[in-house]
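Paired with subunit B in one complex and with subunit C in the other, subunit A is shared by the two complexes that follow.
The block that comes next holds the complex of A and B.
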């Protein structure tokens, strides 16, 4: 219920915002990058205005917008000359891939490093890790992306400069194709992962330190349990709770990071697409992207609630407040 | 008795938390022995190091240094690596931790937490473990269904049972139980104690019970140790120690324990335990009612003072201030003799409130006068601090004895002024200068909450109300800082409200300054409220004497029974 309401608000905002933006889509459409002569004649322009209902009163536009949405119709891209949903569906997997890979890697490594730090708190492994990761966490993702791009792709030539896949390549097997994809994705994923690593590390270091001092950990030691069980079943299991919350809550900002990084690496995901769409004032496309991204983030939050309830038995008893 | 006979022997154990500044020595040179199946109680205020001692035995001190020896079945556990310690944990010694929500893992089910030591220590299949968990829960008085629940879904009492079931999962030989009843309501408290008692009998484990609930200790243990500032100050047989504590601190604990005194008001021990650091002399010195300068110099060793009783005190424990032996007194009137006191013996220890009860005419006041040396005894002897009382020396000194008469200022002094009355005892012994004496007098007046305005100080005694005059008499007695105060029916002439106030104040003063008091009264209500010990006097003889809760609960002598019946008839 909550989620439906949130979605409605977002959808409405999504409708209003682009219309409040200055600029005429046809201007860009007709003079694409200053190269082509006007593609649309005045009649055509009139036709499209009518077709999109841009000449009708706002309330009417809103209603038809909503009913289209319900039918899964996100509109038609003026610039790409394709249905918005088709374009987005083509690009969405790439971004999803980037984001999920970065989330997984940064969470896993951040948690491991943070736990090591907490275990050796105030000893040299902790001090060393703390120093390195604090430094890293200060660098923004796109800057990191640029550095990686210049050194590893442009400089050393180890990785491709752009794209998600080699165009027109013939793969002899599926794993060759997979390797090509990973090869392309490596640097963007690295950029995103490293940028998030510091935050995850600090969080898990804190969380683990707190947990290690809890009475129930002393109980676990007293019971003479194996060290592995104490660390993983007793300590990590509890330390994960705030980490999981953070992972899901930070998905939004991660998508932001992904947009920048995609642009650095010319990676054909939603972020890249978004920039193009914004440049040419392609309302339906921008709206569509916004909508899909927000729904994804909401979906992730919804998922977070489910996972959290599974992880922390206390949650289902109190009314769903996220506790640290 | 050789060392091998002990299941657990602790030698000179010290535990210092060094992560805090200044470091806290939470356990300081503790030694103890425990045989198989035996139960030992450890009592003391919170913060005295009880939990630290328990965690130390379990080898769970993380941010501290452990020194000394913990010998379990002949093996010293101190300094043993974690790997070797693991073999002892839970199988040999288990612990019921101090109950809190955090002591159980919030995200694991009860069943898993009870069963996991079984998995860690024995080769059992999940099925067998589950069966054992069910058995353990039933043994602890919980439905087996609870194993699917999580800690936050349990009440405090149920959590305590879970902790117990968990501790018993591997059939330990030594069970350490830390505060099993704090934070429980009285009903669950009793249930948990009964359960512990039953299980110990059935399973035969040795037990160390840590508690500041003396009732629990009395019920469950055969020997007891009092801990103060991490040091053992008294140890002995539980029933003996609780009936007749020999260290001032143990007595203080008893006096502040509601379990023992159903009627008596509770009086906590004045002052606070010192914080951290090692104390040179006796740690209890700042709060001790009989401490002297010398106590703060060296540390009193734990020594035997009686059979099976050890006390750490330079004075061998609670001192006897007053001892009377075979006191007799005859009054010779014109035509006949009245034997007012017929061979009375009694003892008053430091810091103790002793009530002397009996109907009027039973000889109480005569006895009081003899004790104070105001009246010569016909036969028998009185000793104040082991020195024979002859004449009035004991009342004519600082830190001596003072008596407050039943009818103060009846004859002479009502023509004196307030300040003069209070100052007089100091004048008599020629203490200090006149200014100093007046300053002391004013202090004493403040103690009994009388005004100290010049107008009041210069008032004549006859111009005072009954209550004020009684307070004045107390101030006059207190001005010499007596160690023993004999108060003869000091409140009997007052109305009930003034009486109650004055009595509370007197007891408060006693508690704060730690003097001993012989409180003479025919009013059993009052005696029951404040007395530690009671002497019942009937026709010149002591017919019954003992610890006040025992006498008031189970009087033995017919006269005492009658007195009690009459006194408390209106209460039933």
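The block that comes next holds the complex of A and C.
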């Protein structure tokens, strides 16, 4: 319910922002800053006002804006000369790919490292891992990305400097194409993964330590179960719950990181597109990307709530999930 | 007060002490920027892209502007954005937390839902859109960052107030006819203040990173040269990948940012452990 409400607020904000902006659309449409202002005659003014529906009351504009949105019409990009939705759909897969790869990798490695740390609590592997990962968790993804770019791509030449695929390449087979894509995506995904690793590590270390002290684990040891079974079936399974929540809760900041990292590597996802659109003052496109990205993140969280209730029937109350 | 602070600092672990020293040095550099930067930070003072050494301790950028001077003045921007945002967020969030926690009922419910939503909402796209529409001035950036930071102090304050409200000494003060304002000043604020103050350090770290990110995209305030903006100019320079210029032009602002952020994190970690041992994750 509140997700729908939030989406409505975002959509309305998106409608109001350009109308709250200082200045006149005619000035904005007809000349760049500092250039000579092309003058519209009064008839032309009237014609365009009618054409764009700006002579109607704001409520009417709002209704038609909403019905356009519901039909998937996000407007028309002034710079690319294409419908905004088409451009976004072309770029969305790249960003989704980066984000999902980073989520999976950081969760898996973070959990493994966290479990190792919890197992050797207060011994040297724990202390060493703790110090390194605390340091890493504070470094923002785009600064990490710059290091990776300059050492592995520019310095050593192991990876391409920019882009997601080699332009004008002829692939002899599908796996060659796949390799090319992975080769391009490797450094951006690494930057995002390493930046998130610290947070996932701390969480799983905590979660694992709590679980390891529980009575049912003592029972499992007393029963003489094999170590592997205890770790994977008994401990990890229960420790995973807070980790799953965290994955979705931090999706927003991960998307923010992805926007910056895409710009470091000139990776052709939505983040790179958004910056280009801002630079060329393509406002419909900026707004379209903003809506798509925020709504995607909200939807993912909505799904997470549903999944979480299935995973842990003890929690039926929404606020409990966000309490931790 | 001062003695107390010194005593506290003595209990810091080594990383905490190091972080504190770094932040103090950055603070000094920011305050003394006009005196310790030999060259001007906004106009050319030597050959472009000269490596460190000679008259320029950290070299110059593509316009021949001294990098050391730029980093000195950039410290001012970073500190201003960090502490400005943290202060605004703490004031606003603290107020909202008090209202939410003390009143309860429907204001509390509405505010809690709002907080839940603000936490999942991705902040960077919103910041980009607002920066694009309202122009990238430093004040706007601080306002937008504060808009996304108030939820953390609000949550802390709310949970504290909820806990304090049930304490017997507060109850008895209430039966003696203590008003809302009296309770606020005499009981709630002194209890809540240390927690919020500690959280402010974390918030300022986040704000500094966010400002650097926006500036890196070229959406920061173009008139105030922050560390992020130096990185933006360096990475947008054609041929930065094929030359050695990055060894000073990119490296030094990068180092400044990383050291600053990590120091802030160490300090806040240390303080969090002191204020509330349960938080010492």
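The working rule: the second predicted complex is superposed on the first by the 270 of 324 C-alpha atoms of A that agree within 3 Å, B and C clash if a C-alpha of one lies under 4 Å from a C-alpha of the other, contacts with A are read in each partner's own complex, and residues count from 1 in each chain.
One rule holds for everything that comes next: a residue touches a chain if its C-beta (ideal position, glycine included) is under 8 Å from a C-beta of that chain, and two chains touch if they have at least 3 such contacts.
In this text the structure is predicted, and so the values were computed from the model without any measurement.
Novice: When the two structures are superposed on subunit A, do subunit B and subunit C clash or fit side by side?
Specialist: Aligned on subunit A, subunit B and subunit C fit with no clash.
Novice: Determine, under the contact definition given at the top, whether A:293 touches first (subunit B), second (subunit C), both, or neither.
Specialist: second
Novice: One more residue to check, A:279. First (subunit B), second (subunit C), both or neither?
Specialist: It touches subunit C, and subunit B stays clear.
Novice: First (subunit B), second (subunit C), both or neither: which does A:301 touch?
Specialist: It touches subunit C, and subunit B stays clear.
Novice: With both complexes overlaid on chain A, does A:105 touch subunit B (first), subunit C (second), both or neither?
Specialist: A:105 sits against neither subunit B nor subunit C.
Novice: In this superposed model, does subunit C or subunit B come into contact with more residues of subunit A?
Specialist: When the residues of subunit A touched by each partner are counted, C comes out ahead.
Novice: Counting only touches as set out at the top, which of subunit B and subunit C does A:237 meet: first, second, both, neither?
Specialist: In the superposed model, A:237 contacts subunit B only, not subunit C.
Novice: I'd like to know which partner A:195 touches here: subunit B for first, subunit C for second, both or neither.
Specialist: In the superposition, A:195 touches no partner, neither subunit B nor subunit C.
Novice: Applying the touch criterion given at the start, work out whether A:229 contacts subunit B, subunit C, both or neither, answering first, second, both or neither.
Specialist: First partner only, subunit B.
Novice: Touching A:221 in the superposition: subunit B (first), subunit C (second), both, neither?
Specialist: After superposing on A, A:221 lies in contact with subunit B but is clear of subunit C.
Novice: Applying the touch criterion given at the start, work out whether A:260 contacts subunit B, subunit C, both or neither, answering first, second, both or neither.
Specialist: Touch status of A:260: second partner only.
Novice: Report the closest approach of subunit B and subunit C over their C-alpha atoms in the superposed model, as a whole number of Å.
Specialist: 17
Novice: Touching residues of subunit A toward subunit C in the complex: what are they?
Specialist: Touch list, subunit A to subunit C: 2, 6, 17-18, 20-21, 134-135, 138-140, 142-143, 146-147, 150, 153-154, 161, 202, 206, 248-249, 251-253, 255-257, 259-260, 263-264, 274-275, 278-279, 283, 286-287, 289-290, 293-294, 297-298, 301, 318-319, 322.
Novice: Under the definition above, what is the set of subunit C residues touching subunit A in their complex?
Specialist: 112-113, 116-117, 119-126, 128-129, 131-134, 205, 209, 212-213, 216-219, 231, 235, 241-242, 246, 250, 254, 257-258, 261-262, 265, 269, 281
Novice: So in the complex, the part of subunit A that touches subunit B is made up of which residues?
Specialist: Per the touch definition, subunit A meets subunit B at residues 214-216, 218-227, 229, 233-234, 237-238, 241, 311-314, 317.
Novice: Help me check something: in the complex, which residues belonging to subunit B touch subunit A?
Specialist: Touch list, subunit B to subunit A: 55, 58, 60, 62, 82, 85-91, 94-95, 97, 100, 102-109, 116-117, 120-121, 150, 152-153, 166.
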